[in-house]
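Heads up, the next two complexes both have chain A, just with different partners, chain B and then chain C.
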Partner chain A sequence: MATYDSLFSSLGLEQWCSEGKSSGPMSMADLLNKNKGESAEPASIWELPFPSMDALNESCAAFPQSRELTKGLEQGFLAIKDSLSLVLDPLTQPLSWFLDGALYGMLNTPWWIVIPLLLAVVYVVTKSWKLMLFVGGSIVLLAFIDHYDYAMQTLAIIFVCAFLCVLLGVPIGIAMARSNSLQRMIIPVLDMLQTLPPFVYLIPLIFLFSVTESKLYGIAIILYAIVPVIRLTNLGIRLVDKDVIEAADAFGMTPRQKLYKVQIPLALPNIMAGVNQTIMMSLAMVVIASLVSAPGLGVLVLRGIRNLELGVGLVSGLGIVILAVILDRVTKASLARINVSQKQ
Partner chain B sequence: MAKNIKISIRNLYKIFGPTPDVALEYVRKGMGKADLLEQQRHVLGLRDINVDVHDGEITVIMGLSGSGKSTLIRHLNRLIDPTAGEIRVDGEDIMSYTEEQLRKLRRERMSMVFQKFALLPHKTVLENAGMAKDIRGYTTSDFEADARKWLARVGLEGNEYQYPHQLSGGMQQRVGIARALVSDAPIMLMDEAFSALDPLIRSDMQDLLLELQEELKKTIVFITHDLDEALKLADHLVILKDGEVVQQGDPQEILLNPGDPYIVDFISDINRARVLRVRSVMSPPDDGDATFAGDISEKDNLESVLLKSEGDMSLNFRVVRNDQHVGTLHMKDLARALVPTAASADRNKNAA
Partner chain C sequence: MRKLKSAALLCALSIPVAAQANCGEVSITEMNWASNTVVTNVATFIMEQGYGCDVTIVPSDTVPAVTSVAENGEPDIVTELWLNSAGEAYLRLEEQGKVERLGKVLDPGGVEGWWIPTYLAEEHPELKTIEGVMANPELVGGTFNNCPDGWGCRVVSDNLIRALDLEESGIDVFNHGSGETLASSMASAVQNEEPWFGYYWGPTVPLGKYDMTRVDLGEIKPDVHQKNQTQDVDNPGVSDFPAATILTSVTTDFKEREPEVADMLSKLTFKTETMSGILAWMDANNASGEEAAVYYLTNNSDEWSTWLNDSARERLANVLN
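Coming up: the complex of A and B.
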């Protein structure tokens, strides 16, 4: 006898209940109860169980258990998995090529070309000798302790993923800024991507793509890191001074001219703040993505955790901090340059 | 006044709200602004506006905030579309324009100067000045000479490569004016163009505008809430209140014969001697028997005549235009014109 027997009998559903016998596997609680040899009969109203799926299942075998929900989800996903990957596989294939290409390029170009090239890029975007020297010193330090290859792998992945985030995110943000209904639709998706623990969406990705393919972690990183650039592009364009937009209209700009000559340039500080956030989030994710075979400093962190190699973990962690500081300073400095030229 | 009508506004209504057409019927039946807001939840922007803007004149539209003047000027280039009514520019009904025609109108026939300048912060002064030409597809080298010329004309020589944020408010508005001039549009819309500037700079800018107008003869529609500014600039003055035209005409005429207690209120603080001009108070030429204390121009204001007469109320002056005797100014008439408006007496009577 279970608590909710009377509920089903009063509804006249006994027939239906006895027809389906509990096909679901036995739950751990059932197993324990069985071993103890006592029924789950509550003694008083104080112990009345919540009418959850499992509690109702006890009274009526045909009622599904909550395990069947997760199981159903899993089976549903597995059922559409093949057709889904048939579509997604070729669509995302270029991502694998980009990532593999970037990794190959970064690692097979001699260090005495890569380091000066990076420094040149830093100087071009920040116009600051001090920052360039700092970046140079940091990379030399990493190379000196034999973490150069790992650091370059991490950087290569970040460059590719952040670039794709901007490429996809800015147009999405612009479209959102132009249509309120699109904004209402996209914002919940962004909220979900941002709050869902990154480990959770690694699971379906593992089912969809093979772990040997680099696009697996590429997609995970892009999904996680694209959110800020979309949000801040949308915000930036919506915040463009209404008076300037009105002037653009009054002088007869076409919508396209308005976008390229007014809205994007004026939203640029916000868009760049989004790019900065996107880069920092790619770095955070590239470490987690080492769980699904992303190369780089994350692999060392993982080794440190798995084998309890304290030193390896600490040093690679420090390497990640250095990369984070470099990326943050460089993007912030270029952002500051844009801000200065736009101060109103 | 045989001047051409450049812009003509006929029976223009603007109502803000979800169903303006329904509200329009109530307004046509005579519902007032307050009732419309209370009963219909619609805001009456403009009611039955009829204004002609003449070619080559400065038409000033004056009213307090909320009177609908900024709404009105935005109808002229259709930044706001009316609920009902007709707007003609050069005889063409711009309400029937396609998007392409409208864009052409805004690019080539109308320019606009804004209260908050609305310059592009990421462009240099030179590029901002050439904005209208840039929109039409010209390159910087095409319009550079033009832009430099007008920047120099508004007193910004040497600032071409600075950014707007490096300039003071007055200088930024000079860029705004240069931008309107570089577009070569015959019509200039100025939306409270000088209201954000401090009084001295504002006065400078008014002088600059009058000076430019002397030379260019553009058709200017100027919005302001400042009566002194309106009287200084206007060839034709339109006074708006709660979305309706209270009175319009020659500013001197309005000053001498205000048609509404609202306007009397408005003009009560004005220095009449400085605003009124000789031509508004002179009499037709006498037949030589009077003795003249001197010659004055019809454009002189009464203050300068007072100064000349040293306060002697028995004098007469000969009014000349291009060395021709066109009228006589009796100091007695001058004194009468300076008496605070007759209507204010009526008002007192009404109040009693």
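Coming up: the complex of A and C.
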């Protein structure tokens, strides 16, 4: 005798209910009641269970339990996975090529080429000797404690992922800025990407692609890190002064001219702040990416945690921090240069 | 002073009363894998209902649990402790007399090894031995799915790979980043009836759910296996994995405090096959660990009733009959 028996009998569904299969496995609560020698009937209104799927199933065996929902989702996914992978696999294949290529290039170029090259890039974007010396010192320090290979793997992954984030994120942000309805649609997706635990979508992805593909961790990083660049591009373009747009209209600029000559240049500080955040967030994903087999400093962090090798964990964790500081300073410095050049 | 005396008197008086429920607060670990949820829930049910303990379940993992016992003497009971992954740290605790092993929670123990799906083994029987696999790398997909970094099995597998010269035979070694991706790579291969070759261990849900065949690595040589457990050991040998010892372990303090419960825990042993069956049932019914514990308790009462003392058997009479 369960709580909602009367509901089903008043609806005249007894026939349908009794045809249903027997209910699911016995719960711990049932067993405890059995031990006390009592029936499960609630004594008062205080113990009235919420009419959830499981509670209704107790009264009516044909009513599905909530575990049917999760089972249904799983079976649904397994049923469509073949056609899904047919579409998604080729679409994401370039990501694997980029990542493998970047990793191969970074690791097979001798250090005496890679380090000066990185420093040259730093100098070109920041025009600051001080910063270049700092970056050089940090990398030499990492190399000196034999973490050069790991750091370069991490750096290669971040370069590829951050580049793709910008490549995809800026156009999405621009499209969002131009259409309010698109913005209403995309913002919940962005919220979801930032909060959904990565393993929730990574495990289904393993069923679609081979686990040995590097795109698996690439996707994890990109989905998480693309959010700030989209948000800040959208914001930056929306914040462009209305008067300036009006002036552009008055000069008879086409929408395309307006975008490239007015909106994007004026929104550039915001976009660059988004790029900076995107790089930092892809670095934050390094450890999680290592859970799906990404090489780099994240692997060392995981080893440190799992074996309680505190030293290994601390050193590699600090290595990630050093990379973060380098990337942050360099992007901030180039952002400052853009700001200065705009004021002139 | 008088207050203290009366409190002492009260305690003395309450002892006979409490004889029926002479068990205080107990903390027990719940590790993050399926068989352990079953063990922990079964033990919790018996301790609460049979011995009147006030049980707190502490979600944990092997290494954190052992560290916590070493540093704080808590939790009281560590269930399903795989000796090979707890390692030196645990043995040191035993030497210091901080913990005591009560018994094997799984009999004969955990199964470790290198596996291929059974459909593959039936189609190509030669793949049942490592020589056959190495002679036909393309039949197993050309990849060995290795353990994640930091796992005990990673060290052993790495040494075996070197000893066997696995990579020379054309099999790539893929180092997984986590147990989750290792399991899902196996699951996705079996779903598609594709070849798969890699390390796994049981009793676990994947091994209960999917029909897998163990690849014979040759003889089990305990001394070689022991040697293989050291990272980058010189001239590693080839030995199959022996059955892993899985223990229930309690703090010495707890054993003195609750001898009755400790006695029950020392008898708490599951047959490895029974556990595999429970895990397969669990998956087939989409059941939780708690429900699986209930399933075990209702169907195997003749087995677990032998663990109990008389008073506990009496208190659990309704479930037992």
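FYI, the second predicted complex is superposed on the first by the 325 of 344 C-alpha atoms of A that agree within 3 Å, B and C clash if a C-alpha of one lies under 4 Å from a C-alpha of the other, contacts with A are read in each partner's own complex, and residues count from 1 in each chain.
The rule we apply is simple: a contact is a pair of C-beta atoms (placed from the backbone, for glycine too) under 8 Å apart; a residue touches a chain by one contact, two chains touch by 3 or more.
Note that the structure is predicted; figures quoted are calculated from it, not measured.
In the superposed pair of complexes, A:A247 makes contact with chain B only, with no contact to chain C. In the superposed model, A:L302 makes contact with chain C only, not with chain B.
Looking at the superposition, the partner that touches the larger set of chain A residues, chain B or chain C, turns out to be C. In the superposition on chain A, A:P265 makes contact with chain B only, not with chain C.
In the superposition on chain A, contact of A:R256 is made with neither chain B nor chain C.
Common to the chain B and chain C contact sets on chain A is no residue at all. For chain C in complex with chain A, the touching residues are 41, 45, 49, 63, 67, 89, 143, 145, 148-151, 172, 174-178, 180-181, 184-185, 187-188, 191, 285-287, 290-295, 297-298, 315-316, 318-319.
Interface of chain A with chain B (complex): residues 241, 243-244, 246-247, 249-254, 257, 261-262, 265-266, 268, 341-344. Within the complex formed with chain A, the chain B residues making contact are 77, 79, 102-108, 110-112, 114, 116-122, 131-132, 134-136, 163-165, 183, 189.
If you check the complex, the residues on chain A that touch chain C are 24-28, 30-32, 34-37, 67, 70-71, 78, 199, 202-203, 206-207, 210-212, 216-217, 289-294, 299, 302-308.
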